[in-house]
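For clarity, chains are labelled A, B, C, D and E in written order, and residue numbers in each chain start from 1.
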Amino acid sequence: MSPIIEVRGLSVVFDGFRALDGVDLTVERGELRFLIGPNGAGKTTLIDVVTGLTRPASGEVLLAGRSLTGLREHQIVRLGVGRTFQTSVVFEELTVLENLDLAAAFRRPLLSLARRRRGVSETVAEALETTGLAGLADRPAGVLSHGQRQWLEIGMLLAQRPEVLLLDEPVAGMSRAERERTGELLTSVARDRTVIVVEHDMEFLRRYASQVTVLHEGRVLAEGSVEEVRGDPRVQEVYIGRRKDDAVSAGS
Amino acid sequence: MEAFVNQLPIGISIGAVLLLIALGLTFTFGQMGVINMAHGEFIMAGAYTAYLLQDLTGRMAVIVALPVAFAVAGLMGLILERTAIRHFYGRPLDTLLLTWGVSLVLQQLARDLFGAPNVQVQAPAWLQGGIGTLPYNRLFIFVLALLTVAGVWAYLNRTGQGRRMQAVMQNRGLAAVSGIDTGRVDQRTFFIGSGLAGVAGVALTLIGPVGPTLGTYYIVDAFLVVVAGGLGSLLGAVVAAAGLGLLNSYAEFWSDASLAKVIVFAVIVAFLQVRPQGLFVLRSRALS
Amino acid sequence: MLSVQGLESGYGRARVLFGISLSVEPGELVCVMGRNGVGKTTLLDTVMGVLPATAGMVAFAGEDVTRLPSHRRVALGMAYVPQGHATFPQLSVLGNLLVTLEACRGPREALEEALETFPRLKPLLKRSAGFLSGGQQQQLAIARALVTRPRLLILDEPTEGIQPSIVIEIEEAIERLHASGMAVLLVEQYLELALRLADRFLILDAGHVVHSGTAADLRQEETRRLLAV
Amino acid sequence: MNAVTNLARLRGPGIFAVVAALALVVAPLALEPFRLGLLAKYLCFAIVALGIGLAWGQGGMLTLGQGVFFGLGGYAMGMHLKLVEASSLPSSGSSSGGGPALPDFMVWSGVEELPALWAPFADPVFALAMVVAGPVLIATVLGLLVFRQRVRGAYFAILTQALAAAFVILLVGQQGLTGGTNGLTNFFELFGRDLADDSTQRGLYIVVALVLGVLYLGARQLVNSRFGRLLVAVRDGEDRVRFLGYDPAVVKTIVFAISAGMAGLAGALFVPVVGIISPALLGVVPSLELVVAVAVGGRFALAGAVLGAVVMGYAKTSFSEQFADGWLYLQGALFILVMTLAPKGLVGLAASAREALAARRRPAVPASRTVKEIA
Amino acid sequence: NESGAAAGGDDTIKVGILHSLSGTMAISEVTVRDAELLAIEEINKAGGVLGKQLVPVVEDGASDWPTFAEKATKLIRQDKVATTFGGWTSASRKAMLPVFERSKALLWYPVQYEGLESSPYIFYTGATTNQQIIPGLDYLKEQGKKKLFLVGSDYVFPRTANKIIKAYAAANGMEILGEEYTPLGHTEYGTLTNKVVQAKPDAVFNTLNGDSNVAFFKQLKSAGVTAEEMPVLSVSVAEEEVTGIGVDNIAGHPVAWNYYQTTDTPANKKFVEAFKARYGAAKVTSDPMEAGYNAVYLWAEAVKKAGTVEVEAVRKAAGGIALERPEGLVTIDGENQHMYKTARIGIIQPDGLIKEVWNSGEPIKPDPYLKGYPWASGLAAG
């Protein structure tokens, strides 16, 4: 069986600047893969390429063996790849519920959308529950705080029920308790689906990651278990930094 | 071949006129996103300024009128901004309607002040005549357009004011907490954009009618220039104006004026297929 | 330095803050904490004049600034790094810094200083800010506030999206600035970071201050519970 | 609580029923024929406005070229009426024996044979079909072209404006085919009934009002459906919508085509009501006027679009009747006032008045509760 | 039914005035309205019509043809005016025509036009083609101008006029070197000027209307074209337009009309004086203004003759009415309801007025379908 996501020799060039430079990456089904690396390493760019937002200069992305090259964003979503954004984007005029409902409804035929929504589908109800936004279901998404938006984005992603979930710094701005909830959620989702997470929170990484890929200046710098990667001196040098009491999130 | 050569200066001079009109829009429309339908009437105000001044200053009127018209039209823009536009930041497309109302009122006002018929602005003697198919007045407009473009470019890119203007338009909230007086910047932007319309108005007196509906003849084309060039892109506006001018002149030469307009439209639609956000896009990674 | 009394504010008819009082003494670092959506950003926005206060007062350096527009507050020495990578996307990195510098008529050295604090911005000076990565933008956002050489620095989750090694550097920078006498009002989700930096902290819940005290207090279990969901 | 929401839910249909009764029963009885004709004209514009309300208010597509679609519908109808008239009249001096009789303007434009484009419009079914199919087809093609390339916002607005300008120039330039600036006028009968007759006009009015009512209900259904929510999502974040698995170009094209179809239908109704279709009705200015009307009424509500068209139509007529000389001042002032004082239009004004009233009646939603709900 | 539709009250008669007071055509039409209002005032001062005072109801056609139709309907049905004076462009007339015909109401149309029309409910007080365009061509021919270039606005009047010109040229050994149309309101004449200059015609026949004339003449002048080497004969440029174009740009070029401010008749002296007294000394008078001014007098005369304002009676009475007007003797042709008018060619003078250089000597019988011109057969019939 082929891996669910396979990135081959991917390069992205912006006005002569190489944001990605021959990246290879293989993610198996049911993995919870972490993607880390310094600011500007190319993590978001990688997700952008996989989801069709950015066109690569060379190389390709395969989804379960099928090339995604040349597909438009919505077509890639329809193949089962969903994502969240580093700066969350939700539909501010729609209610939280409607945001989720739209995310869940994309597989329906367009014509059936001409009917009014009656009730709340199971998927949406579940997403409301998981994200803790049930109390806000009927409020416009525009009133959400930063953290609440992050949750809504995650909820929309879940409601899409994609095969592959790509999350760009999902816990940024979340309180500690919510980070934990997110971590657990992603772990459980990854049981039957594939999750790729970009995160800078080392504690989060330590608790929930198994496989980690480190990008640096557009290339894969290291790959391995959390322990291996954290122990790698190059990773410490460019990314984790030196503080005697082990980076930022030492406390337990 | 002869036709090709003869039409070249005509095309460029049409482009220069378009550019001169569009330059003001690159401020109000390009920078602020305000679709100012009254822009045409600010042009008209500039033209009438030249008309009024010619009795006082005789044949130098055109030169004297340039700065005065800039101030007059700029002031009108400033008043418009203060009284109305400023309530609309954040929903620029809505300003279209407001300014449309203003444009109606200004046209009627001109009709009541100056009469419905056209008035005459005499071109100075030193602008009579020309070289080959290029009359001096066209040359004058061309040079004026070049100087104005250079001025606008320097202002936007080489002065703090220009930088502040861009900052406010790109992120109003952040500009405010960065210490920029956004209200002042808005006023200045509108003043300059409208003032440039006044300058264009003076130039137009050399080649066209001066009447209450003067502005309406140019406004659609001017917006097209800004759009084809890419919103907020000065270089884009220059290239688009030249391109549209040439296209217009050649299309008209080989067909007729009516068909030329249709051809120009078709070409722009086709062009936006290739470059949907205009010639020179100010891209950004963020989702809209 | 900063004194906030009975501050109320919100969005339209939805009130978010209910009579918040706090103060930041010169050279003091106060950290505001609380779960998502309790009103931390709203508080900072109101202090900066981004949102109007519906009741209460904000005073800075002995002057009542409650009704002052934001840019006047900046002129008085307040600087603000809003939440979430705020930049002027089509200006270059240098342009972003310059525009702020010019707006507050600061000396050129202030810009050099800010770049010393964020050396990774130096190779990026000519790039459009909108093309930077999230973390790069956040570094720029903080640098932009620093060029005003503020007396009070207000930061809303400054470490969000920034790689660990730079978080350490930022922490050290804040410590340094704080040590040199700058007052800081900080919103931060990383408890440990807050604990290391803050002289005092407040915990918000549902638009009220539910707890305030020194760093030592925060270590208590009860306080931690307040911060949990 | 429940009763209150139920009542609120009933208010919409209630108002609709009252307005429908006023329009269908009271107006034809109370108004003299000339005024009723004017009202019919306003309602035609209201149909266009409804389409603009959908495309712009809901979908964020500021279309400044609806006149084009209005014109396509209007000309389809006008061509049919002209052909009927030409064939029924003893062909006025037409020497071209054999072929079908020519409309009057072709005769003086020197056209000697009925153009191929015209021939099928003699068939009423074809003409009526083209009234909607023509605009929908053109809007679909244009929509797919521009929306797939992500042309939007001001770009789209200016592009449609240029479309209107080009369309008018094209019409004017093809005098033999289109009647040029004059357009098509001098119609006598519609489906065998004398157009000058007051009862025909009254019947036409009823038809227009009914069409508007039906389209309004249809549009409301669309807006309240999931598709309507999707449309709002596309308006506010087209790029994000792609990542929900929808193609915004398709969504926008559908709505643009619907609004074009509405405009076409309105144009077709307008022709027998007013008795003329000419480029003067289709260009930049009239297209813009309709958008302005929608904004005045309130673009975020479909009812606002309809209300705006009627109010602006009425205002234009009565201002220009009362003050033939300076009515533009009044009309301009009206836009300016409405847009500054009531940015959400007349409907928005009503809504906020209602809200203010309601707020006074129920003094305190314990504010802290709302916040707790959120936390 | 004598009293009903016509009278506004017992001692007044309402008449409609329907011109564009806003939009592109306002430039021209406002002045016609002024002339018509002047005539009404004068008639009222002289005791009115049938002892009743005329009350004008002024409406704005807004340069928009459907609006003309709407306002015409309003004047007829709501205000119940006895007659209407109005229109300028042929398009506006075509839009009003069915309204007046269906309601059997009267329209007085004051502008020269393309002919090929004769509605029983319209009186045409401006020139038809054989009273303006054909004399203009005769004049050019006389001057030895054999090669013409045709320039016009893109609408029915210029296109029809040019059809006639081409037929005339074919019959008279003249050559048409080019025919160009520009949209109404077009202001960019560089290319067209270029085409004209390259074609090297002996003269240009200009049927541009409105603001375009200003741009055209300014740009022609700056391209170095002079009236001596290439005269531009205009049929829609009168005294009023000359001011806006700028005398410098147009002086020396010929125009064809039936009336000029300088036309030397006693009636004109009175008219010009009265007009300047009423509207200001700087104002000029022009052909369409005079035609509008005449229309009111001609209608009043017909009403006097009929003894009623009732439409059919007035129509019947109108035929044969002859009045000394500023342009000279004007007679209503009862058959086609056009006027007998004297054709005049003038040259624009440096003072902005027009000096007559040729006239037809006597009023020409109106011939809207050009039946009296063998070369024109086939124009009207299609």
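Methods note: a contact is a pair of C-beta atoms (placed from the backbone, for glycine too) under 8 Å apart; a residue touches a chain by one contact, two chains touch by 3 or more.
In UniProt terms the chains read A, C = ABC transporter ATP-binding protein; B = Branched-chain amino acid ABC transporter permease; D = Urea ABC transporter permease subunit UrtC.
As the structure is a computational prediction, the values presented were derived from the model and not from experiment.
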What is the shortest path, in steps, from chain B to chain D when you may only step between chains that touch?
1
Looking at chain pairs A-D and A-C, which one is connected by more C-beta pairs in contact?
A-C
Chain-centre distance (mean CA atoms) for chain D and chain E, in whole Å, is 36
Need the CA-centroid distance for the pair chain C / chain D, whole Å please.
51
Rounded Å distance between chain B and chain C, as computed from the means of their C-alpha atoms:
42
Residue numbers in chain A touching 2 or more other chains?
85, 87, 89, 143, 148
Multi-chain contact sites of chain C, meaning residues that touch two or more partners
14, 35, 37-38, 131
Please set out, as single numbers or ranges, the residues of chain D touching at least two other chains.
169, 172-173, 237, 239-240, 328, 374
Write out the stretch or stretches of chain D touching chain B in their complex.
62, 142, 145-146, 149-151, 153-155, 157-159, 161-163, 165-166, 169-170, 172-173, 237-240, 284, 288, 291-292, 295-296, 326, 328-329, 331-336, 339-340, 343
Spell out the residues on chain E that touch chain B in their complex, using ranges where they run on.
21-24, 26-28, 30-31, 154, 180-183, 185-188, 190-192, 194-195, 197-198, 211-212, 214-215, 218-219, 221-224, 240-241, 243-248
Which residues, counting only chain D, touch chain A once they are in their complex?
221-222, 224-227, 229-230, 232-233, 235-237, 239-247, 250, 254, 373-374
Can you list the residues on chain C that touch chain B in the complex?
48-50, 69-71, 74-75, 80, 82, 86-91, 95-96, 98-100, 102-104, 128, 130-131, 144, 148
Touching chain D in the complex: which residues of chain A?
51, 72-74, 77-78, 82-83, 85, 89-94, 98-99, 101-103, 105-107, 110, 113-117, 135-136, 139, 143, 148, 156, 160
